[in-house]
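As structure tokens, here come the structures.
Two complexes, one shared chain (chain A), two partners (chain B, chain C).
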Partner chain A sequence: MNDTVSLTIDGQPVEVPTGATIWDAARAIGIDIPVLCHSTRMRPVGVCRVCVVETGARNLQAACVRPCEQGMEVRTDTDKVERNRRMLLELLLGDYPEPSAREVTTGDDALLALARDYALETSRFHRAGGATEGRRDTSSPVIVVDHQACILCDRCIRGCDELQHNHVMTRSGKGATTHIAFDLDVPMGESTCVACGECQAVCPTGALTNRSLQGLRVVVEEERP
Partner chain B sequence: MELLNRLMALQQRDGALTDDALKALARELRLPLYRLEGLRSFYPFFRMQPGAPRRLSVCRDVACRMRAGPGFPESVAQALADVDGVAVEPVSCLGLCHAAPAALAGDVPVCGDAATLRDGMTGRRPQPLVGDPPAEIAEVDPYPGADARYGTLAELLRSGSPDAVIETLEASELRGMGGAGFPTGRKWRFTRAAQGMPRTVVCNADESEPGTFKDRLLLERAPHLVVEAMVIGGWVVGAGHGIIYLRHEYEHARETLEQALERARGAGMLGRDILGSGFDFELELFISPGGYIMGEETALLEGLEDKRGEPRNKPPFPTQVGYNGGPTLMNNVETFALIPRILQDGAAAWKARGRDGYNGLKFLSVSGDVLAPGVYCVATGTPIREVIEHAGGMAEGRQLYAFSPGGASTPFLPAERADTPVDFDALARAGAGLGSGALFVVGEGRDLLDLAIQQVRFFRSESCGKCVPCRVGSAQAVRKLEAAQNGAPESGLASLLEELDETLAQTSICGLGQVALTPIMSLLHHFPNEAARLRREHA
Partner chain C sequence: MTGQSVSARVVNSVCPYCGVGCALSWVVDTANNRIVEARGRDGAANLGRLCVKGRYGFDYTTHAHRLARPLIRREQSYPKGALSWDDNGPHRPGGPVDPQTVLPHFREATWDEALERVGENLAGIREREGGDALAGFGSAKGSNEEAYLFQKLIRAGFGTNNVDHCTRLCHASSVAALLEGIGSGGVTNIVRDIARADVALITGCNPTENHPVAATFMKEAAANGTELLVVNTRRPAIADHAAMYLEIRPGSDVSFYNAMMHVIIREGLIDADFIATRTENFDALKATVADYPPESVAEFCGVEAGRITEAALRFGRAGAAMVFWGMGISQHTHGTDNARCLIALAMITGNTGRPGTGMHPLRGQNNVQGASDAGLIPMVFPDYQKVDDPDVRARFEALWGRPLSPTPGRTVTEITEGALEGAIRGMYILGENPFVSDPDVEKVRKALARLEFLVVQDIFLTETAEFADVILPGSAFAEKTGTVTNTDRRVQLGRQALRPPGEARQDWHIICQIAQRVGYPMEYADVAAVFDEFAGCTDSYASLNHTVLGDHGRWYPCPDPEHSEGEPIVFKDTFPRGRALLVPARQSPPVEATDAEYPLVLNTGRVLEHWHTGTMTRRSQVLHGLSPEGFVEIHPDDAAGHGIADGDWVEVASRRGSIRIRAQVRDRIARGSVFVPMHYREACANVLTHPAVDPDGKIPAFKYCAVRISRLAAKKSA
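Moving on, here comes the complex of A and B:
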């Protein structure tokens, strides 16, 4: 087997080690593919799907998990890619709580930032009245859980399990009732959580935030006349 | 399998997987609690609290819904509301579509209206047992009697070659009968060529798509064909281990399979040194803790590895990286069951069994508005209209209005396309597909919109929840469709559904999400009357 493969991304040639993902290859040549579930510190899982790209396959491929192939011609910027990413964001915004605990404290809500990139101000979808609607867990002295802001990106679970080896978190339920859970789905503060903070550090949304920041507000300095 | 088997046993012993039981298990097996919670909450067989001592699981899907009306599970619940110790729960298709409306009383298939089901549960009358449907299984059994079974395997082990088996399968143009239609010979070739261990043969017997019950009948009537083909598969791809993944609702099929396995072992067709050839092959039966998604091949593998049944991103495909990381040969029940006949008769003879230039035979589960719903073995190429005649013709003097040729994942087509031949490519050209071969027949006067929405609801309910488009998109679509059905379609609904359908089809990880809106899109495309009910100007 060859050690490297060559492909083009948006017309630019790139050579990467065999097994590298499209997302890694794009990054190497300065092409930014948006992600919500992926993190360079973690094994990719390909669940949020906003990193989808065209490869000539029957359907779009998630760049974060799709290995590059010799001669592949990847497009990251077509109309088809953009409108499907936009739809995914619109779906996520449909039942997203207002305000996001992350956006109003640290101001770095990745979902809202990406929605701004796509000029999405409203969603044609509305709260689905699902299992997580309005569910907040304030039992932990350190971390606040807002289930409704959770997009099930799996970052907290990988952070807890694979980065910190604390083995507390899982997805519980199935389909539309799926939610993040601690131990046997007990409140975070009653679980074996050691409050290391990894989950809230890697969370891209307002689902897991630092309790001590609650009540703080991002202040935008007024420009002096 | 080990952990899920333990959980299944606990569930059966206690009627639930209680927190206490899981904590004890976690200590014993040195597993984190979250691992057990992930499994308990994912698989429908598991419960947190023991329910009523007796359970009646009532089908809510299309064949039963069409016969008994949309509120059927609720009316059964009402009929039994004053009966102590009985819980009624609506469930997804049970594969009893020929007896619609149907239910499971515990493990026992029963059928009939709400009063009949009530009388069975209270003991006022005997349980209204589901009878055997017409099933043309013998067509594909090459053996005249029990003594001749496994003759193909014996011959191959004596003087055959694995490569010749693959060549015959390729020449036969047999395709996967689970729904995807992937060429079987190519799959066997890929798996044989793949490097790595362990090597495993898996039979996907998790048939759960609404309207599909052919695999159940095949397993009940001819399990030896599946067992034989799996041993042959093991011999061809160099695997010594096989697993049959069976849905837990198929209790009778479990019994017939276990008997077949026992007989095969007794006859030396399984185990060590089969027929003195030096080839070892062990076959085990795994009972699924439930859920349609488990029939997706990589979800099935996750289940076998004791994980939540969430489909994997592909590639790699199971032929390369499957069960426990090794090459895995996975086929559907029907695909395996056809193989002894194909190898006995040869590819040319098999192909000649089709008609009008199409190849081979196909099992169809025919349900809905036909007089004799059942499992029919037809020559590939037979027009749908003839299949309907073969199944007794239309019921109740109805005219054909619509049909879905291959299960919930294939579009509804209008009556004028009923001349389309039964064939993967011909049906695809007609705008549908052969899917799992579940021909669901809808007569004039039925509420097709209601049935299509139920199909979408089925996918919504069976979504694993792993990826955004399927988890969120299917739920949002159902909400909007229900609002439209109640007379209030939102403005722009049809075009929103077009956009949403593209995103589900293009970005979902697995086939479930990719087809979740197919039933409703086919109404928008082929049925102007139903489409009008989804447009605001109609309301």
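Moving on, here comes the complex of A and C:
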């Protein structure tokens, strides 16, 4: 078996170690494939699908989990790819709460940032008054949970289970009622959570946010060493 | 919804709590001089991870109790004594010292007046009684630069080696055993090297609470196949991830590890080559452990012989095995013996100098490694160079321009003794709180009250500051730039994020100003220049400076910091003392055996949310909210025997004193013992502890004394 494979991404040739994903290969040559569920700190799971690309296969492939193959010709910028990403974003935004607790405090809601990149002012699937009421869990002294803003990307679950190894978080429910849960689906503040904050740190949306920042609008003016 | 707009900047620093040394960034609200958020950074020890203290426990920096002006004790508040100790009435159920109770005994002063008084009194005692009548406690919470300056002032300015810090209460015995055994007190392998270990022995420590981010890497290793052998007297949560959990009886460590070595030798699992080429004194060790077959110690240790044998076989058969230990090993009157056993265990199996092997005493404080490296120890100058070595002393006399004392100074507990006897007349305490942290606080109280002059420099009015003649307001870690060295020997630079409140000053400035006032001027252009002078008198740090450390730091030794991260594994070919010395140890009796009157063993320690004497964490809203009060943990069987239910108020008493505290009935603790965390002044564990110390490490036996427990009549509030 060869140690490396060669492929092209958007026409650019690239050679990567065997087993590298398309997302890693694209990143190596400066092609930015959007992600919501993926983080370089975690095992890729390919659940949000916004990183889909064309590889010539029957259907679109999630770049964060798809290994590169010798001679593969990857396109990240076709109409089909763009249409799919827009559709996914519109679906995710359909019941997204306004405002997002992340966007209004630290301004780094990754879903809304991606929507801006795709010039999505509104979603065709928007349901007026996305029912955030009753879907918020404020039982933790450090983190506010807004299930309405959760996109089930599993970052929090991987952060809890695979980075901090606290094994408090999981998915619970089926179909449309699927949601992130603590222990056997008890409020966060009543669970075995040790308040390390990893879930809040890795969450890309307004689902898990820092309670102490509520009411603030933090704008970082200056990144200094 | 628009929130209050905060214009912020991001400052890279290091977490100020434990020895793991997590790199983080603080998001700073510049206009209001406060931190609004902490973010994990991609540091070598944490890979972006933080725990509850690092992520949410920074708000103590802007607490209203911060000292902002120098204070001088009022005339009518003499004779000196504790001012708030009994202030636990119904109006104030616990928590840190209330300034309202203590401040009326002090008046605000200018820096000039306060420093003048400090200089006059300390220099006066030096002139009248000699330098050895003075002493200093520095702190492992300060930076390397501060530790270096502090010990330089005590040694060259005061003229005594009476300088020590909380390492004495922490790993002094581990360091004594390591210096004796291999000639170096630092860890041989970094925490994250556990990923490459087949087996890891994790003993006398509770990493998920006390080194939470290090624990994540241990749990990760376990998930990937590393077998954890967890040994303790109180089941730590890391045991959930262990191949074996062995609950030994308090104080039976030496017998247990001798029995493991007995099995390893009997079964031929030793590394004969390593023993022959890298160690000495194996025959004596072999002769001693021959007396400890598992069958004969099983009952004493409280572990079946078969399980001791199995643990030994797992350790002995591992291709690479690593040993982690904490205060459960070190804080005994036989702490040095405990550590000697662990060192010998690693040596006879050849587990040093390779990936996934070695010895890692988990350091407690963020800078206990660095403070020790910088010479905040009575027997040694920076980099463990002995004060009684004439050549070494001559070098430091030339560097510091003063004659230096050839006599090793007093340790923490010996300084307390000295103050009681009247031999120590004046003290400078920077950032330590011995009135809560040291054993037998009744004794510490008498000692502090007897001092002719005490200056305390801190960020809060601590219980110790209540005994002071002068209190100087220092700066929190987030308010200064300086380096700290973590448990992995990683030297990392913390950068100033906040301005000190009011007239509070940088601690290194204050040290220099006191030096000036006692007639020993110390002047530096900036804190980086202090580091350079410190590094220049060591081998370990010689290649390092603030610029090269940058945002990510280096592991020392690091001969080529421009191109290398430094050494995550040391002693690949030889030890600093050449061959490792195997030191056999025999089981010794506890300092205070249990009896009919005091039938339970008291164990002390920490909880996840709090830090030591609680001066910082109990002033953090989140941390105090999560863990607001002390508790005594007791096994259900013992609780039933004493008629105690979960949540009952009880009195715990030893021969030194008694505390009132709420009971937590839990089966994680061994029968026959109870556990009290050290953080809560109103239920202060160290009222109970025994002041006896280990003969080599001089560390107190915080993990063992005899107590009794009794239920109190129902009480409506704390």
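In this text, the second predicted complex is superposed on the first by the 209 of 225 C-alpha atoms of A that agree within 3 Å, B and C clash if a C-alpha of one lies under 4 Å from a C-alpha of the other, contacts with A are read in each partner's own complex, and residues count from 1 in each chain.
Note that in this section a residue touches a chain if its C-beta (ideal position, glycine included) is under 8 Å from a C-beta of that chain, and two chains touch if they have at least 3 such contacts.
Please read all numbers here as calculations on a predicted model, not as lab measurements.
Colleague: After lining up the shared chain so the two structures overlap, which partner does A:Leu163 touch, if you call chain B first and chain C second: first, second, both or neither?
Modeller: Once the two structures are laid over each other on A, A:Leu163 reaches chain C alone.
Colleague: Would you check which partner chain A:Gly107 touches, where first means chain B only, second means chain C only, and both and neither mean what they say?
Modeller: The answer is neither, since A:Gly107 touches no partner chain.
Colleague: Looking at A:Pro187 after the superposition, I want to know if it touches chain B, chain C, both of them or none. Which is it: first, second, both, neither?
Modeller: neither
Colleague: Is it chain B or chain C that touches the larger share of residues in chain A?
Modeller: B
Colleague: Between chain B and chain C, whom does A:Gly215 touch in the aligned arrangement: first, second, both, or neither?
Modeller: Touch status of A:Gly215: second partner only.
Colleague: Is A:Arg171 contacted by the first partner chain B, the second partner chain C, both or neither?
Modeller: In the superposition, A:Arg171 touches chain B alone.
Colleague: Can A:Cys196 be said to touch chain B (first), chain C (second), both, or neither?
Modeller: A:Cys196 contacts chain C only, not chain B.
Colleague: Do any residues of chain A touch both chain B and chain C, and if so, which are they?
Modeller: Of chain A, no residue contacts chain B in one complex and chain C in the other.
Colleague: In their shared complex, at which residues does chain A touch chain C?
Modeller: Checking each residue of chain A against chain C gives 41, 99, 104-106, 141-142, 162-165, 194-198, 201, 210, 212-225.
Colleague: Of all residues in chain B, which touch chain A in the complex?
Modeller: Interface residues on the chain B side: 19, 22-23, 32-38, 40-42, 44, 291, 308, 313, 315, 460-469, 471-476, 479, 492, 496, 499-500, 502-503, 505-509, 514.
Colleague: Considering the complex alone, what residue numbers of chain A touch chain B?
Modeller: By the definition above, chain A touches chain B via 45-50, 52, 59-60, 62, 65-67, 80, 83-84, 87-88, 91-92, 94-95, 124-126, 128, 130, 151-152, 167-178, 181-185, 192.
Colleague: Can you tell me which positions in chain C touch chain A when the two form their complex?
Modeller: Residues in contact with chain A: 1-12, 27, 29, 36-37, 39-40, 47-52, 55-56, 59, 208, 212, 215-216, 219-220, 223, 241, 495, 550-551, 608, 622, 625-626.
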